[in-house]
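Pasting a structure below so you can have a look.
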């Protein structure tokens, strides 16, 4: 079944006001294009879930799309803060955002439980500290063999997962290399999966190297072809992380005015990702384009 | 003359042994590991929470998920495998942590300053820090000293040290060894059998009084206080010219 | 650290009388060479653990190495029975072997628990049937969120795991493609890991394609170079499964005399794997050698 | 004239819908799936417990882990992923099972004949059968009928059907749908609302009395007993010449 559609169509069909959402990818493969389209479509009251709410989640927050944030580390990695989030979570904030907070392993475990079809997941964690005290979703269970007390988290089934990959076929069989994040666990946890691909390839390309398939098409609803959809995040083998942008963002995002101007120019002011890239400019893309480091293939013969 | 950051990186490198499997963060811990690898511990295996094992980045990674950590690494695995099999599975010898606040038990706060429900400053949160603190066999804390950071009581315990709300790691059945050293810009603290931080080393020219002045609790000082070795010229050259030529972290 | 040694050395250093052992690989990558060396070294009282005790486990049983078998499916796939096992587990058997029995997912879950450093693993299974009634290791736990009762199995840490792979470097960084079995879970569950490789490659080859690494060298104790060490099992990209042998085995193994003659000729009668292959003959190896089907590489550049 | 095996493969194929995700075993289930793919269900996705997803083997696989299932498949995943995410995760629509014994509730025994501790015949055991029976949304049982196989009570319930030791699936909170059809060499049984097998179809020329004679319990027979369609010449040619040219399973 050909599941290809535009980003506009995929978001309109899947990301509804009030739903829960993961745009996954750990540093790598964060689909900014999807976040921007959600902002443009004016979706509201999202439960936004992600281990590391990156700049794109901060933009969703600034644009007023997010009611609740479920996360484990919120910052601009190696640079500074997520300022929209800070403005809405520190003392005196008028429109406070609801926060539900884990450690990385805790939130990951919620995906693991859901991906495995179990109602909870046990982990050896949280003893003594304050994370479990601050989050009533974290409970405990006793090991039936040793009597030890372990922490638990409940399964989390996001309504929608958006996963960027290097390549996919039209049915959504998605291949990824480099950092894998929690993409597989999120895909199996979610009720609906949108695969966004840097390249759409014939199914034969997928079949030539089946061990590279991270997400099988049988659990995918929509397939979107969106090259450079991850900028300023990166896609191994395609383009580098735009570290300059991440650094510059600190200043932009500190000021509500500059933040608004950025969103006006790069999100509201463009029709789609093509418009964004035109505004970004060929110079930036040339600077970030990957220098090839192609590995050898392996033999699947018998 | 070594800067405070250089001293800290150098001192942390001394804690690493050849063959150690180390869970690394960005910044000074990364530099300390690279220094150890370039000197006495060539077989150090660096693991990043992003999933890269045995990375040998050609550039200094800006984020923990930099593409340079992937290219030419020994293995790239899912984060589930990192946290579940490597960390919780007990395969990590050394972990590094820092934070906005630390207390005398080595508890670390990277969550909030002020009350959790109504914070003065909202910090990034745990990330993988809590599980590193729980599971690493040896934990190295790296923090610059000030009374604001070295506090009588953390506003929030993100990552457990040796004693939390009156309970010890042993009472709580925690697997990892907890903080082994707290490496600061003035000296080094170890932890005694009760789990309390004890000043055991100062950098050349630093007095215990200066250290106490930067610490928010009455500091235990070892009977025999050592002076930390300083990085020699060759080490400084290595740090400045090869390991962090752009001065990102030094 | 160079961990290379001969199969003889790896087995002598690791597989002791009374220890527990997994030779993993699901149909694919079953290291018969290791099993034969264990028989030659006269190891006794093994707790032999494997989802599918294949011919090699039956041979360990026939040779008197095994005290206890932990398994989930015991047969000659698509052909018939494991006759040494049947002779020692049916009514009237004089030297009865102890059996500890799960379903595939149950035994796998024991490895999952151990690999994750947890004392138990929950699974939604065994309700109503007799597997849990026959095995007191299977218990239950209550979900702290839903109150549902789930089955549990306890962590299983084998003393030794033996894993065959297509290629490894001298430190034991092992790359595998094709069927993965439970190799990764077993490796992380075991106290000691022996990696056996079809090819030993320079570490640079591993580093060129890090996503292919299934088992990192940091958890490996010994590395053995043993080409064709899996016959009659197979190695994707190297040689096919010897289905003719699996079929012929049914008749050989039915008769204790023919079984003994086989072990005399192909196990006791040879010094090592080289001797086995010499006896097997170039004709069989030519028949089974894989016809190449090399996939394209991917780009790790940035 | 179709053989019993051909009838069974053909009848099972009728139960498969285009797009179904099917957990396949070797033998007749594999043939039934290939027949469905070659005729009315080209989008059928076959998953093997060995980890191959969307396999299109160039030869008839002898074992469930044949290398031909890997080459050109859509994905190859670990068995943990197969059992945990695909099966327990509720992603499998159809599962196939057979065994040495079946009872009126569709319980299957593939473990022992005789008492468990002292068996007359030691069978292979569960493999993945138990979890397939628990989790597949629809379960297709395929077995040749005889009083030895269709028993009043299984010596051992390896794979649960609709009612085990007096308890229903619903009472036990079991996720999958349980047996939908029991396809035999004489006819087809469905399961009524109490979970008991009911003869609903017979093959041409077979009488209900013959079916009862091959069944170890008093068989319920549907008020309107259908005659199963027979495979036509084209289907038989497909089965014999293309799908199993060596006659491994037919």
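Chains here go by letter, A, B, C and D, matching the order in which they are written, and residues are numbered from 1 within each.
The definition used in the following text is that a contact is a pair of C-beta atoms (placed from the backbone, for glycine too) under 8 Å apart; a residue touches a chain by one contact, two chains touch by 3 or more.
Composition by chain, UniProt nomenclature: A, C = 3-oxoadipate CoA-transferase subunit A; B, D = 3-oxoadipate CoA-transferase subunit B.
None of the values given here were measured: they were computed from a predicted structure.
Enquirer: Quick check: more C-beta contact pairs at C-D or at A-D?
Expert: More contacting C-beta pairs are found at C-D.
Enquirer: For chain C and chain D, what's the span in angstrom between their mean Cα positions?
Expert: Those two chain centres are 28 Å apart.
Enquirer: Quick one: report the Å distance separating chain B from chain D, using the average Cα coordinate of each chain.
Expert: Those two chain centres are 57 Å apart.
Enquirer: Approximately how many whole Å separate the CA-defined centres of chain A and chain D?
Expert: Result: the chain centres lie 40 Å from each other.
Enquirer: Cα centroid separation between chain A and chain C, in whole Å?
Expert: 38
Enquirer: Counting only residues that touch at least 2 other chains, which ones in chain C make the list?
Expert: 117-118, 123-124, 148, 177-178, 180, 184, 208, 211, 234, 236, 240-241, 293, 300-302
Enquirer: Provide the list of chain D residues touching at least two other chains, using ranges where the numbers run on.
Expert: Counting only residues that touch two or more other chains, chain D contributes 52, 67, 70-71, 76-77, 84, 88, 135, 175.
Enquirer: Of all possible chain pairs, which ones touch?
Expert: Listed in label order, the chain pairs in contact are A-B, A-C, A-D, B-C, C-D.
Enquirer: Going by the contact rule at the top, pick out the chain A residues touching chain B in the complex.
Expert: 26-28, 51-52, 71-75, 77-78, 81, 85-86, 89-91, 101-106, 108, 112, 123-131, 134, 148-149, 177-182, 184-185, 234, 236, 240-241, 243, 246, 293
Enquirer: Over in the complex, which chain B residues touch chain C? Could you list them?
Expert: Within the complex, chain B contacts chain C at residues 19, 21, 43, 45, 52-54, 56, 67-68, 70-77, 81, 84-85, 88-91, 135, 175.
Enquirer: Can you list the chain D residues touching chain C in their complex?
Expert: 26-27, 49-52, 62-67, 70-71, 76-80, 83-84, 87-88, 107, 111, 114, 116, 118-122, 124-131, 133-135, 156-160, 164-165, 167, 169, 172-175
Enquirer: Where on chain A does chain C make contact in their complex?
Expert: Per the stated touch rule, the residues are 117-120, 122-124, 139-146, 148, 150, 152, 154, 166, 177-178, 180, 205, 208-209, 211-212, 234, 236-241, 290-302.
Enquirer: Quick one: in the complex, what on chain C touches chain B?
Expert: Answer in residue numbers: 1, 115-118, 173, 184, 188, 203, 206-208, 210-211, 213, 216-219, 300-302.
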